[in-house]
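For reference, chains read A, B, C and D in written order, and residue numbers begin at 1 within each chain.
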Amino acid sequence: MTHGDPAIHRYSGQAQRIALLCALGGTLASLVGLVWNPALFFRAYLVAYTFWLGLALGCLVLLMIQYLTGGGWGLLLRRVLEAGSRTLLPLVLLFLPLLIGLHSIYPWTTQAPGDQSGRAIYLKVGFFLGRAAFYFVVWLILGYLLNRWSTDLESGRIPRSTRRFRLLSGPGLVLYGFTITFASVDWVMSLEPKWVSTIFPPLYAVGQLLTGLSFAVATLLLLSRYSSIGVNLRPNHLRDLGNLLLTFVMLWAYISFSQFLLIWVESLPEEIPWYLRRTRGGWQMLAFLLVVFQFGLPFLMLLSRKVKENSPSLATIAGLILAMRFFDLLWWIEPAYPERTAWFLVLDVSTWIGLGGFLMWWFLRKLRERSLLPLHDPYLAHYLPEAVPNE
Amino acid sequence: MPQIFHRSFNTISKVSIASVVILLIGLTGATYVVGWSPYVTQEQIARVQPVPFSHQHHVGQLGIDCRYCHTSVETSAFAGMPPTKTCMNCHQEIWFGSSMLEPVRESYRKDQSIAWERIHNLPQFVYFNHSIHIHKGVGCVSCHGRVDQMPLTYQEHSLLMGWCLDCHRDPKKHLRPASAVFSMTWSASAEPSELGDRLMKENHIRGVEQLTSCSTCHR
Amino acid sequence: MAVEPKLHAVMAEFATPQELIDAVAAARAHGYRQIDAFTPFPIEGLAETLGFTGTRLPLIIFLGGLFGGVGGFWMQYWCAAINYPVNIGGRPLNSWPSFIPVTFELTILSAALVAVLGMLALNRLPMPYHPVFNVPSFALASRDRFFLLIETGDPLFDAESTRTFLNELHPRQVVDVPE
Amino acid sequence: MIEQGAKSETRADTAIPAPVGQGYTFGSVSDKISALVLTGRTPRGWWLGFLFSFLWLMILLYAIGYLVLEGVGIWGINIPVAWGFAITNFVWWIGIGHAGTLISAILLLLHQQWRTSINRFAEAMTLFAVACAGLFPLLHLGRPWFFYWLFPYPNTMKIWPQFRSPLIWDVFAVSTYMTVSLMFWYVGLIPDVATLRDRARSRLAQITYGILALGWRGSAYHWHRYEVAYLILAGLATPLVVSVHTVVSFDFAVANLPGWHSTVFPPYFVAGAIFSGFAMVLTIAIPLRAVYHLEDFISDWHLENMAKIMLATGLLVAYGYFIEAFMAWYGGNRFEQYVQLNRMFGPYAVWYWLLIGCNVLAPQLLWVKRFRRNTTLLLIVALIVLVGMWLERFVIIITSLHRDFLPSSWGMYSPTIWDWATLIGSVGLFLSLLFLFVRLLPIISMFEMRTLVSETQVHEHTARNLGEE
């Protein structure tokens, strides 16, 4: 099978080499960190892992959403989302280092809450591991089926209909909502075991969606720059993608602000420390940057039609949001630890790059396996008539 | 299709939109004018009393001190209205035959208070205390005006909450030494400009935040 | 009528949107500038074909929203922190997170008001009387007919030749629009 | 090619249905919709329905009159449950008022053409629901005639509203929502009212619709600015819709009360609002299309789409119930845990489980396509959801309030006949306005329908040409 023009192979080959270099460099730097200060390394690893897992799951969720809602944007992004969701498989293996460092990451593994709360039952290592296994099984099954059927659709092994995709996606989203709720509590919220916020799991999920979307948009626009993706991106396509980004940026800001306002106004002793830790000791600078670069600037830029219809500027905004997602997670996770050495930021970034380089290499390999547009999707003629191949 | 509206309706529609806007602005303005006017606040309106008592005569010409009649002003929330006995202290000697003073004598004979028409009336939900104001150095004249020039007593100020706040937000300008509290003619302009600051400190007057806290007046 | 009413424009009536779009393009190509088209629903690109270069409305609305937002926040700040600072539950006088909801609402309110009033004002509406309503068949402009109008004010306008020009576009009919 | 593509689709459900029935022209669309309004004869059913609603409206007026004379003591509220039916009804109505603008604005931005059939009456419904909603906090003030004290204006007291209070945020949110929704609705109406003006035969109708149409003549220049303004208005209304119920949720979540102070409240309330709003749209749309034979405009496909949105938002609401209970258990705050248990097993447990049945269980039927296509069943589910969403607000308010921190301050709440009269009366107000709207204004946007017809024609045209090649 031939997919797209050869340019994609040439450029993605280059990109893969860069990704591998990143993987090597980042991993080496991180290994130095591991030897030097294991606790610091594991925290950095948690930040990086949370980011890249968010990317994979964000892609998976968007994949299900676009099957349910339809629309041209779903067809344009589908292949990127599929390849993104396929990084889940290596991410299962990459979960193992977290297990090794469990004690230096989660305070509740060493000191039990010891009160009447459900935490005392919920936060136990065995239960924690069992839950993690469950989440991964659910996500892998969803990712596997959606990708498997997609190749089947392409090769004509199944009828030309997205019916089964939609039948899976509805319950799939419910399952995702259910698993991500507990996963967010397990992996991030429990870093400060006394802190409770009912909006945190939705916020975590929206963060993943934003990661997946900004990644997919940036990738698609980069691809369209270097090779033919099978259709010329027209202003209305770009506008739809830009509006989608705008919506998720606003959603992220809305949920983040709701949580902040409600906790700030109440100022309860079990809630407010979470924000106090994150708004002093230098962290307020990062908080400010997050507000400006993950919300303010993209929001204002994306209001403009001209910016949205300009592929490079839209790609830049998507890239900016993607980068800020990492710092957002950094801001969530790192301040949970009171003691800190000056080099933690370097370690965080190098681990992020190391892990990401490997996953991006994997992603590009998977992306090359299929055509860049779902040419056998029955809705292609409706949403992207100009992309229908002449048979 | 024939025209539904005559040519002039283009102008009429513009004029009517403009007049609705002007009318709304005018109505708002009128509400303000009426709401702050003596018609609502009763300020500057002298009221008819059972006996046409003149503060101008008693305070301005005869120089009787406020406290001669309003005895409890320094010690209680209410300044107090004098009993008829206070009037009779003098009026059994002078003007004892005046027909104008007949209600006073009758009140004294029957041992029944004179039903004065109350001038300064604050709502029930306001806790106002005369003594604290006197002791912190707020002169009578600040709120009641130049009663020594009032033939018939009237309300000098609006007594609206905003008027109270004018002073509570910036009390400095309205303070005077203890010796001048009951003076009708004392003027701050003759005094050194830092007097207000000094009195604020000497009289232990609290900060604006406490003076304007809701529960200072609404308890 | 004894006196022939003054002419406002000449108007051609079409049955389909495509015919109108073609006619507008032809009129523009012929050099007519003071023209207008009337349709029962918005047709994408028609205004541009007429020579409309775009509207300032989005900018005006943005400014309206900016005014509402900045003004809204300032109002709250001034009321709560400057004019009458009241201590409520120990919260800061400038409780900016608490001011966000009202700031947001006022931004939207102001922008929306500007959007509607600005749109009407730029369109010079309300205008209950307009010469085009003198044409009996114009009632169908809000149903299923499409009209092209060339005003007498146009430099190229000449009652006779303009009528001929319009007739060449194969309209359903060409009518005079009296003042 | 497209024809072939259509044939090669083996399953019917992959085809996207046309948003308007086959065979319509610009003219016939306009005629059919405007005829509902311009007809001289008023159907007997309309009179019956209107009289019935009007009677209920009279109940409301009577209840309000008595309330103004006697004060809020005629209601069942007292310490500790000071927020009774009035606030429940307020939140319920304002929630219902969310679907209209949501359908109009968000679906417009998402190019969802199926909105065209329902947006007009959904917007009208929004306005009437917000009017009903606005009534309750006013009546709850005790001295409703002083409502203007809530606005920041230079007053005799020289004080300002407390901008740190969510109750003031409410004033701004609700009044902004009312204003923007009204403008959005009216702007959408202008071209349609012009159609009515041009088609009306009676002088009175011509003048009335003529004034409302502002002299609209469909100039291409006007349409251009109109569309820009309408789109931007939609863009503004979308976050506004979300903000309104968010602010309503702040009324609760900002209070330091177990069961109220929960950070998930904003999105969970918004989802609930859309949930009940779509339930109300279905409740109106199903009888409306049956009575006026509007199946070509409001097809089963439209109803199914709304059912799907109801299912999705219903699941979000269920998530809200779940996450609150889970976090109460997980977090270990004893008061929070007590309130959760008290909700489930305390004196108001019946209402709690009833609401779970209405809001969580009943919508699960909508997973099945056959049920989504069954209008009777859909209507029943929608009605159940409306009841369920009312119960949700009732349970949130009553169960959190009736158990104070001190057991000595515990109490119970029972509504009086005046509570019920105001609730029923507000339904009367809503329905009366709706009946008037149906009779006097076009219930479906005619100019947008013409646009759809145009697109369908173009689509058919190109399809035919391509087929011939």
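Details
The rule we apply is simple: a contact is a pair of C-beta atoms (placed from the backbone, for glycine too) under 8 Å apart; a residue touches a chain by one contact, two chains touch by 3 or more.
Since this is a predicted model, take the numbers as computed values, not measurements.
Comparing chain pairs B-D and A-D by the number of C-beta pairs in contact, the larger count belongs to A-D. Between the Cα centres of subunit B and subunit D there is a gap of 52 Å. Between subunit A and subunit D, the centres computed from C-alpha atoms are 34 Å apart. One simple way to say how far apart two chains are is to compare their mean CA positions; for subunit C and subunit D this gives 30 Å. Mean C-alpha positions place subunit A and subunit C at a centre distance of 44 Å.
Looking at subunit C, residues 84, 86, 91, 98, 126-129, 133, 138-139 sit in touch with two or more other chains.
Residue positions 158-159, 164, 197-198, 210, 214-215, 239, 246, 250 of subunit D each touch two or more of the other chains. Across the assembly, subunit B contributes 1, 4-5, 10, 13, 165 as residues in contact with two or more other chains.
Pairwise chain contacts in this structure: A-C, A-D, B-C, B-D, C-D. Subunit D meets subunit A in the complex at residues 1-2, 5, 8-11, 13-14, 16, 109-111, 164, 239, 242, 246, 250, 253-254, 256, 261-267, 315, 319, 323-324, 326-327, 329-334, 367.
Within the complex, the subunit C residues that touch subunit B are 84-87, 126-129, 133-139.
Across the complex, subunit C meets subunit D through its residues 17, 24, 36-43, 46-47, 50, 52, 55, 57-58, 61, 65, 75-76, 79-80, 83-84, 86, 88, 91, 95, 98-99, 101-102, 104-106, 108-109, 111-113, 115-116, 118-120, 122-123, 125-130, 132-133, 138-144.
Of all residues in subunit C, those touching subunit A in their complex are 62, 91, 97-98, 100. Those residues of subunit D that touch subunit B in the complex are listed here as 155-159, 197-198, 206-207, 210, 214-215.
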